[in-house]
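Chain nomenclature is as follows: A, B, C, D and E, assigned in order of appearance, with residue numbering initiated at 1 for each chain independently.
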Amino acid sequence: MMAELTALLTHPLAQMVLALAAILAFLGVNGLVLLYAERKVAGFIQRRPGPYEVGPHGLLQPFADAGKLMSKQLVAPMGADRLLFWLAPLVSLAPVVVCFLPIPFSPLLTGMDVNLGLLLILAFSGLNTLALCLAGWGSNSKYSLLGAARAVAQSVAYEIPLLLAVLAVAFQVGSLDLSAIAATQAKGLLSWNVFVQPLAFAVFFISAVAETNRAPFDLPEAESELTAGFHTEYSGMGFGIFFLAEYSYMVVVCAVATALFLGGWDGPLVPGPWWFLGKVFALVFALMWFRWTFPRVRFDQLLNVCWKWLIPLGLANLVATALLVKWVG
Amino acid sequence: MSQDANARLTGDFYTAPFGPRIEEEGDTLILNMGPQHPATHGVLRVIVELDGEYIRRAEPVLGYIHRMHEKMGEVKSWVQYLPNMGRVDYLHALAWNWAYVGAVEKLMGLAVPPRAEYIRVITCELNRINSHLLWWGAYLLDLGAFTPIVYAFADRERIMDLLQMVTGSRLTYCYYRFGGVSADLGDEFIRGTHEFVADFRKRLPMYRGLVTDNMILRGRCEEIGVLSPETARRYGATGPVLRGSGVAYDVRRAEPYSVYDRLDFTVPTGRNGDAMDRYEVRMEEMNQCLRIIEQALEALPDGAHIAPDLSERLLPPKGEVYFAVEGARGKIGVYLLSDGGPTPYRVKLRAPGFSNLSLFAELAQGTLLADAVSILGSLDLVIPEIDR
Amino acid sequence: MKRLFKTLQGLWSLAVGLKITGVELFKPWLTVHYPRQEVDNLATFRGHIELVPAADDPQTPRCIMCWKCVEICPSRCISLRLHAVGEGAEAGDPGLLLAPELKSPYSAHLPPPPDKIERVLDSYRLNYSLCSLCGLCVQSCPVEAIRFSRNAYLVGTTRQDFDLDLLARLRNPVDAPRPPGPRPPT
Amino acid sequence: MEQLAYAAYGFYLVLILAGGWAAVRCRDLVRALLGLIMTLFGVAGMYFLMAAPFMALMQILIYVGAVSVLIFFAVMLTRAPGGDAGQEDEERRPARRAVLALLSGVLPAAILAAVVLTQSPQALALKPELPLARLGQMLTGPYVLAFELISVVLLAAMAGAVVLGFERRKGA
Amino acid sequence: MSPLVLFHLAALLLLAFGLYGLTSRRSLVGMLISVELMLNGAGLALVASARLTPASDELGQLGTLLVMGLAAAEATLVLAMVLVAAKRWGSSASDRLSMLKG
């Protein structure tokens, strides 16, 4: 009996199901934590208390909000394509779950050990664009449509420097496996890729901000111009899922940045997963810090940054890395 | 119902005169910005015709909060019209107070005690800083920066505390009276104002570091909405909008009223007339306000704060009068026509925001939607003032 | 080269901005956290108006019923009712309700009231939802019988909650202003 | 394990069928695009089933991430002025066209299917997964010409698109 | 049936759908979608043959990869063409594009 159970548990499929369940739980908790954290960061930067009333220091506020979002009526605007309208939030959230699978929280704690993990994340995170398009198109709203158009142009453009930066690291390590890449940086602080490839890290991080549609690159939702861009028409859980997806993507890109550039689980004293999480949330904090400091850039400026700076820099970095790998070894 | 009648009913009174599309190709999109839109800061509606994200045409639609202030002047007695003034432009209420009070004083030939004049200068300039600070925060909100407005409100809060000390209100002040002000300044106010001036001097460089020098902000403001002095004059623009285009016109200097001719301050002007110049002019104006306040506090004479024996049942002589002051948004003018009765015969309010908004259609043409938002913000509009 | 320099300068400006918000992050709150703390600057705050009691009797208002405040109010939010006692006092004669020593255009056409009557204030109502707090009534009062309260915390759920009977409030202070000064956060 | 593979195959086949049907039959082009995306996922799943994960991921990355987004863009930018955005025009004689299309679709496929069913070689057991480095070596070794050609084609397409796009801007 | 035949049948299904769509669709974008279906069918058949027959594995996968690249290039070009067509004729229906020179 016991042996059968063990066999079942070690079955790759069962492992994957377990990992998926764990990821879903993590996503939910993560959404709540980041919702609270973002408001507290905003509050403290602006020298106010932030959420305070629900629970001690407002700790239960995210639950209250989640409850509110879930209990609201789902309204689709008149003339909207209901299928696309309700599909869009799901398309936005579903791929994130897959993106979490190959993230190496520690050498052992990885949802699915894929040797093409990096590619998996890049492929599935691209689906978010599609979700924004569907939302913008399905809403039958002009603001949403403009937001969708911006989302397409922005993420298509920024995918290039993102890939270039990632490729440079992949060249250097010679693998697309996130665990393997993180493992090469476990030799102390100076072996971290952020010091080996600072340019790639800068390009990656800036592109990641743009890919996750975070301020100052939050053009698809630009409140003050497009009211809320692609999710203008969403209320209740439709909006909630977009929200959850946005926060999950933030964690995904920060986790990839940690694994690629910040040494993954490398760190003294406490066990690896804590170091990994700590680094991820430090990067998430940086994203929040950006959001509450900077004005939003204009659309053509955004694309100019990509085409005139990030892509040439990324290309130069890639070529230099390739040459170094070829000659030095 | 016939098809035509249906179309007429479902259409919009304002979109119909907006006219046919410029080109026959159906590539443009008519977008309704407002009346509920975060960038219009109130119930302003702008109809824009977009080609992609470029604006072919933009047309402001006014009147959503028209409150008939001018008509109300004809049915309320001279004194009773006072509280209306704080509501015309709630951000620089004291300037409107002053414009009306000054007009009545001019009509009646009423002398204002010197202390009251200085009190008016001090409070009006404090209110001007307050107004500019709110504009600053709201403009940056338009450009997507969320934090500056909260910092601005921290300073605004101190100004409002100070003004509350003398006026009793925090926003829609009704403080000036014919022949003076309704309450005298206390020592606490004077001390608090000195402290505020010193502290705010230190805050201004922080603002500069936080956003004014910021690369992203400069990208959003520089060479956006360039307004030539000729165009500005053609539309009757005043205030920082006009000064941003390089015309050093300030009512406080051009037609000095009260004691402004005894105070030393400069009128900042811009060079290119773009949004950044208007921005810089306002930032520098706050600095000048501090100078004015300091000098006025220094020179504050003793004496009465209101002319004595002022009866509430005021009957100004027959005649007409026009009096203008410099508000935070430009030249505020009040024209009064009296037939000797208990109420004004006619009141006309010249709101600077109205002229400044008229510029928008021309400035916004051919820009990106995001630039239009930036231009709209740089004009510093207060919608109730435009509609009156 | 110049462009590169300008870009670097721009990047530095972004870092300066981050530094400023980063420093503010660790400064204490500025907000007065309402249910736990209260603002302490209500000494000159204009709340709704209230009646000033006479020097000898805290239950009696100083008001002489001259109607000046009613007349000057721009939004007509003050209304008072009174009755006359004494000889010659007849119900329904509006002339009786005016103070004999005070004349106004509104009372000019009325016959002068008899001297020997005493007038009693029945109610002094303020429709606070109309009031714009301009202070004209307070200023116009010849005997300083009205003043601004410091009540910044007036709340209600219906419009009637703001139809205040100031006389009743004078006799029975329902919400006396709290002692000034911030309370410690709980 | 065998059963599981067949079940997965069935699932992917259903995806392909439903997606393909939507892609060719939906009047709304965005829904058709959604059908295409479903099909693409089905095909990607089949690549996974054949132990070619690299191909599957590239399929998602290129087709779903790039090509379908481009198509979406095309749908969005060709809005008809009348407001029937992204809709196929009504056909004057739909039945005739449908029959013709059905013939042209089914006939070649049926012939090929007959060939496949009768002439198919015996399938081998699945080969071990192809290492990525091997693909790279092939691409830079024997097939470098194809690689270069595809680069040139991509570049030419990009340049062509830019040229066409600029011509449009001038006309506006 | 052997797995190879199953995969090939799926590929044929895609081909049939694509051909049907190509002839029944009237808008350029709809035709583009159908073409993508057919290209996918080709890719699927190629990879299946490479993986399940003695043929060269690398060659099959590389071929499919190149097809994907071609598809991307083709989509870019078609997007530009559709834009121009829509600009000139106000529609992307293929029937209206019968003029040779605009």
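What to note about this one:
Everything that follows uses one rule, which is that a residue touches a chain if its C-beta (ideal position, glycine included) is under 8 Å from a C-beta of that chain, and two chains touch if they have at least 3 such contacts.
Nothing here was measured: the structure is a model prediction, and the numbers come from that model.
The pair of chains sharing the greatest count of C-beta contacts is D-E.
Ranked by how far their CA centres sit from the centre of chain E, the chains are topped by C. Overall, the chain located most centrally, as judged by its C-alpha mean against the mean of all protein C-alpha atoms, is A. Once the centre of each chain is set as its mean CA position, chain A and chain E turn out to be 32 Å apart. Inter-chain centre distance (chain A to chain B, centres taken as mean C-alpha positions): 43 Å. Mean C-alpha positions place chain B and chain E at a centre distance of 61 Å. Centre to centre, using the average C-alpha position, chain D and chain E are separated by 5 Å. Contact with two or more other chains is made by residues 25-27, 147, 151, 154, 210-211, 214, 216 of chain B. Counting partner chains per residue, chain E has residues 87, 90 touching two or more of them.
Counting only residues that touch two or more partner chains, chain C has 14, 17, 20-21, 24, 30.
Of all residues in chain D, only 9, 12-13, 16-17, 20-21, 23-24, 29, 32-33, 35-36, 39-40, 43, 46-47, 50-52, 54-55, 58-59, 62-63, 66-67, 70-71, 73-75, 77-78, 80-81, 88-89, 91, 97-98, 100-102, 104-106, 108-109, 112-113, 116-117, 120-124, 126-127, 130, 134-135, 138-139, 143, 146-147, 150, 153-154, 156-158, 160-162, 164-165, 167-168, 171-172 touch chain E in the complex they form. Against chain D, in their complex, chain A makes its touches with residues 13, 81, 83-84, 87, 114-116, 119-120, 122-124, 126-127, 129-130, 133-134, 137-138, 145, 148-149, 152, 155-156, 159, 176.
The touching residues of chain B, counted against chain C in their complex, run 76-77, 79-84, 86-87, 147, 151, 154, 157, 161, 164-166, 168-169, 172, 174, 177, 182, 206, 209-211, 213-216, 218, 312-313, 342. Put simply, chain D touches chain A in their complex at residues 4, 28, 30-31, 34, 37, 53-54, 57-58, 60-61, 64-66, 68-70, 72-73, 75-76, 86, 132.
Residues of chain A touching chain B in their complex: 42, 45-48, 142-143, 146, 149-150, 215-216, 218, 222-227, 291-301.
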